[in-house]
Amino acid sequence: MIRSLYRTKAGELRVGLDAADIASALRDPSGLVWVDFEGEPPEVCEPMFTQVFHFHPLAVDDALTETHVPKLDDWADYLYIAIHAIRYEHGAENPLTTHELDAFLGRNYLVTHHDDPIPAVQRTWDRCQRDARQVAGGADHLYYAVADELIMGYMHSVEAIDEDLEDFEDVVFERPTSETLASVFALKRGLLQLRRIVSPQREVFNKLARDDLRVIDRKDRIYFRDVYDHLVRLHDINESMRDQVSGILEIYLSVINNRMNEIMKTLTIITTLFMPISFLTGFFGMNFFGPTTGFDLWTSWPAFAVTLAVLVLTPAFFFVWVRRRAWI
Amino acid sequence: MIRSLYRTKAGELRVGLDAADIASALRDPSGLVWVDFEGEPPEVCEPMFTQVFHFHPLAVDDALTETHVPKLDDWADYLYIAIHAIRYEHGAENPLTTHELDAFLGRNYLVTHHDDPIPAVQRTWDRCQRDARQVAGGADHLYYAVADELIMGYMHSVEAIDEDLEDFEDVVFERPTSETLASVFALKRGLLQLRRIVSPQREVFNKLARDDLRVIDRKDRIYFRDVYDHLVRLHDINESMRDQVSGILEIYLSVINNRMNEIMKTLTIITTLFMPISFLTGFFGMNFFGPTTGFDLWTSWPAFAVTLAVLVLTPAFFFVWVRRRAWI
Amino acid sequence: MIRSLYRTKAGELRVGLDAADIASALRDPSGLVWVDFEGEPPEVCEPMFTQVFHFHPLAVDDALTETHVPKLDDWADYLYIAIHAIRYEHGAENPLTTHELDAFLGRNYLVTHHDDPIPAVQRTWDRCQRDARQVAGGADHLYYAVADELIMGYMHSVEAIDEDLEDFEDVVFERPTSETLASVFALKRGLLQLRRIVSPQREVFNKLARDDLRVIDRKDRIYFRDVYDHLVRLHDINESMRDQVSGILEIYLSVINNRMNEIMKTLTIITTLFMPISFLTGFFGMNFFGPTTGFDLWTSWPAFAVTLAVLVLTPAFFFVWVRRRAWI
Amino acid sequence: MIRSLYRTKAGELRVGLDAADIASALRDPSGLVWVDFEGEPPEVCEPMFTQVFHFHPLAVDDALTETHVPKLDDWADYLYIAIHAIRYEHGAENPLTTHELDAFLGRNYLVTHHDDPIPAVQRTWDRCQRDARQVAGGADHLYYAVADELIMGYMHSVEAIDEDLEDFEDVVFERPTSETLASVFALKRGLLQLRRIVSPQREVFNKLARDDLRVIDRKDRIYFRDVYDHLVRLHDINESMRDQVSGILEIYLSVINNRMNEIMKTLTIITTLFMPISFLTGFFGMNFFGPTTGFDLWTSWPAFAVTLAVLVLTPAFFFVWVRRRAWI
Amino acid sequence: MIRSLYRTKAGELRVGLDAADIASALRDPSGLVWVDFEGEPPEVCEPMFTQVFHFHPLAVDDALTETHVPKLDDWADYLYIAIHAIRYEHGAENPLTTHELDAFLGRNYLVTHHDDPIPAVQRTWDRCQRDARQVAGGADHLYYAVADELIMGYMHSVEAIDEDLEDFEDVVFERPTSETLASVFALKRGLLQLRRIVSPQREVFNKLARDDLRVIDRKDRIYFRDVYDHLVRLHDINESMRDQVSGILEIYLSVINNRMNEIMKTLTIITTLFMPISFLTGFFGMNFFGPTTGFDLWTSWPAFAVTLAVLVLTPAFFFVWVRRRAWI
């Protein structure tokens, strides 16, 4: 889907422009054009990029192939900016998915390109339709609006992850299973992925806030600085969540080890209690004490009484002994 | 609660000013105004911030939304500074809680904003009431007084944590339980959180001590440098406490493993001692040696004597053997 | 094999030049010479390098001895660049092999030297033969074409590794064996090796993109910048794959530990169920209750009924007990 | 104890000056005054510091409160330098103790302040008494003499630690106990502490060697450079000793695990050898083969011979089997 | 042993000079003097260093005391350079030993000092005797020759270590013993030590290649750059070998754990197979079924047949059960 939006010098709003309209609108330095490509194949986008907007082939290549790390290329008259939206799905095998949002930002236009629908873009688009003030601030301010929405999405995802982590921690302490372990490892992979995106994305907004770029108004830098601050915080939170995941795995191992200890103690107590007295019953089961062997004294009443006493006292003694040895 | 304090040029102290009083007091360049907002909702604070003090909307936003990392924004005529107070509660599930303290620091005014009561602010306020010299040093010196009190609170918390850590270490060596483990992990999370605050806070005071800021007197920089030194030290202590927590977990695992070893050794000794002689009693319990089978020699007195000897010697032999194999 | 290619000033393409032809071709500043040495022994290469191209002895040494880390030396009139091609072989003992590609890049010539055939070189060579435009961009652009092909090979290898890693992760969760472990460790070594190459290689292309080198056209820098971006991304992917491998090993240990727990629980249940009732049968096997001893009451019908009941109830009781102790 | 020492312009040495003497001696720019405060309470030191030497209140505060990290503050006319002496006590619960040494270093005076006696200070003091040349080099050279002595003490401690580490390593391989573990962890904490001191101390001497400080002669910088080199080396040794401690803990775990393996193997062999033959004896203990049951053939001589053979061969067979399964 | 070598301005070579000869030779700016001190006590070296060569006392101290980290001090007219030779001895308790080589490098002289014979020095010395061209390049080139030889020795050691590591890896997978573990830990310590030397040594040669030193010819810098490149590579290899050692220890633990699993499984199978049927034999061994008790039916032929069947089927059933529970 290609959709376009043009605010004229006079502040009037037009949508649904064709290629020729866009080309003429671009010649209006105080207008503002936003063209959004969603899920369009390269063969549709490329001609527009090269013939209408005259972007550099390398920049077009970057925009049309997925899986780039966030980056900012300054092509003097326009910027190529690639950032990523994220989505967190509780309990999925790969709980964190990312969607690339490529943007070309010129003095009087913004071109956005993405394969999947991105809620942040949709919301900004809707707001622009409703409220012309959104597009009054120039192309850089419009891009800020999109980026700000997108980073807000990060915040929501991160909060959801944080809650899940606390749940995992409780579960691991109480009733750790292989499934918990699998979920924690899936989340760990997700956080790894998140770090790979947040770090360069932070650098992108640092450049937008600090560098002397032709298409960014000096007075608008403070807004990108704000996004940068959010990303710094996100990076820190991500690091600490990664530490938390490591902590959960440490707890998991400790809990498993503790449990093993309990099991072995049980086994040891049982064995220690019954082995000696089983031996004793075996002893008197020997045929030396059979009816005709002349060891009648060994099987008399007093002997039986002593044996019974030993059968009771031996486990008691061993129980005390094992308690001392194995710190039960 | 909003409270205000105004030292006039003449050194006179007034409290309880309304918005209009504040606005006029701000026009006195050699006076000093301190307005403290405690637990006030945004809708109360915002008009004051924007209309009386004319702060930038982004700065106001930063101040009114919680959970920012410590930061310093230089808005030329004033600074926006966010720092955090901490509180350590021994034995709580989340032993370390943090409270944000936002401040706007101008040439002749200080605006502080916080959701929860912060003892450091309260103490400084009380001192200002008692002793006019506290406010004689200008707005930057007043802010230093607040920050210094707040950092002292860090020191006390850190000392309390340190003591708890030493207790945990002793407990883990002697009698580790799941509850100890849970407490140690809670503390670990707390230290993680602390690091996320101390690091940027250190940078805030580094900027106050080094950067050429319009609202900070050159001669007062040394005081912020002092706070910075405290934070450097805090950071180091925090790092080393984190290492200590890791150490405690290593000890925990070692102790658990050692104990398991003891348990298994006990089990192995018992089994090794009784299995062979139990077999022997089983052997003579076989019906081959029954009264009518003609194996009478096997159940005669000498055989019994030999058997008894074997029943005593076998465990002795196996005990020696197992000692050699299992290094008991 | 030595092969050579010469695009004259007029755009004409000649191949198979001898040393004299090359020497004269080098004197044509607007021509382009590419000489490729594949698997030639040092004694063949060295005279060419020193007498025809007049390279510095240290640079020649670097080119003729293998196993250098990627590096770039600026010899003013030419660059010595060593980079590596990689090949990933699924399931091999050393799954990742690297092949050094040395290059001397002058204003109007490119000399490549490698011991093993490198597909990227072959493909670029073939393309030059087919399409004269490939060699129209100058020596630096030709080198970019080779490097770009080579880095594409990295991408393919990395994707194959990524797939294998996901397979390993599934296997480890379900059915970990020593062979899996060996494969994972082999892959780990491979990633270690990869990192040792990618990091300095990234720096090489950073220099090509940033430094003011005499033999690189200012306008061609953007192409090397593109290769650099790929390598940055590769470095990040490699780091995260290393983390993934560590994660797999953590899973392995957790799974092994879990399994051990299961085994021990089984052992403990069995022992706990049968030891007490075995003792009981031993008790009644003692010769006190032999036919002639006068304990007839102990072996009467009611006693047998009670004994049977105990034989059934004891395991039931112990099963409940062990469940509580060992959390089965 | 306060002691003082004054070398006059003429090279004459006087000791035991009172406050007034010191004040007048300070006015002699080519003399040298050393005042040492040992274990004096703040109320004694403070008046001297502020009234006789006119130090800044913040610097005085730093000097009088303990537990600062090493640091250097340049107050133009004098330096405030805090460094630490260490002492290693073999086998103590906290084997490493540190003692702060505060110093004020001016052009013609040195003020040292410490709570506990520090051998390095004592030794330098004694040497000054014996040999006037010690104080001929100016205040900065005198401070170097103290610092050099103090760092030598580090070297001795570090060597003692190193020896203990090697002993621990041997012990852990041969006969690891809980006490060894406790000692190793105590040492680990000590090394952690050492690192926290050496790192900033190194920076202190780096500043003394590099920065353009008014009270340090250009030609004396090389001496502080030498101390700095020692501290760099100490830092490296400390790092490597920390790695060594980690190694010892890894060995500990491996040895414990190995031993557990041995124990379990012993248990498994015993169980495997005796369980089958115990079953066999139990089999023939059944009352089916009692004297009156008509199974006489089962208890005849040949049956007994076969049984005996089985009783010998079964363990042999199981021994081979368990060897194959459990790699004994 | 002190040996000396003097190339006169005319290119003539003289050896075995005494102190006076050396002093006069040093006055020849276009000559070249090399004096090598091997294993000489400080009291022999010091007078030569201070009186003949006039080195600074601190530099002489550095040279005469061992165990310095590699370093370079620029004393304007000469450089003091300390580097280390290494030797790897397969299978020794401390497999890696280092030998310090101190050098004073002037415009027209080189002084080397070492306690133990260093092969690299010997080889360079021999070559100088045979071939005057070796000493034609000036003092800096001579030092390069020595350093280059020495670094080559590193390469050989590192290759030997690498081979040993691969052997260890194989051994650990197949048949890990305590001795293997001890060797691996010894090697680990060696690599730690190596890192402590290579890192600063790299910096030494970086300075020689980059800094503007009076005694190094601008055109000779490229040679030191070459040594620097070797050391960079060595550092990388060392890091990766350290990772490899960690990997071996991880494998060790995994293999041990796997083996433990196998052992426990064996034990569990044996126990599970024999405990139930042993109970059964015990059951029928009870004296309820004695000849005179009237339970004759329980010991009749059909009962025996049923019992035999149960004795065979029970283990079969339990084997299946344990397989399901313990994943044998």
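Annotations for the structure displayed:
As written, the chain order gives the labels A, B, C, D and E, with residue 1 at the start of each chain.
Operating definition for what follows: a contact is a pair of C-beta atoms (placed from the backbone, for glycine too) under 8 Å apart; a residue touches a chain by one contact, two chains touch by 3 or more.
These numbers come from a predicted model, not from an experiment.
Graph distance from subunit A to subunit D, where chains that touch are one step apart, equals 2. Fewest steps needed to get from subunit A to subunit E, stepping only to touching chains, is 2. Fitting subunit C to subunit E on Cα positions gives a rotation angle of 70°, stated in steps of 5.
Measuring from the averaged C-alpha position of subunit B to that of subunit D gives a distance of 25 Å.
Our note on geometry: subunit B versus subunit C, Cα centroid distance of 40 Å, whole angstroms.
Counting partner chains per residue, subunit B has residues 253, 257, 260, 264-265, 267, 271, 275, 278, 282, 285-287, 290-291 touching two or more of them. If you draw each protein chain as a dot and join the dots that touch, you get one closed loop, with every dot joined to exactly two others. From subunit C, with subunit E next, the chains follow one another around the ring as C, E, D, B, A.
Residue ranges on subunit A touching subunit C, taken from their complex, read 56, 58, 68-69, 71, 178, 181-182, 185, 188-189, 192-193, 196, 249, 252-253, 256-257, 259-260, 262-267, 270-271, 274-275, 277-278, 281-282, 284-287, 289-291, 298-299, 303-304, 307, 311. On the side of subunit B, the complex with subunit D involves touching residues 169, 173, 222-223, 226, 229, 232-233, 236-237, 240, 243-244, 247, 250-251, 253-255, 257-258, 260-261, 264-265, 267-268, 271-272, 275-276, 278-279, 282-283, 285-288, 290-293, 295, 318, 322, 325-327.
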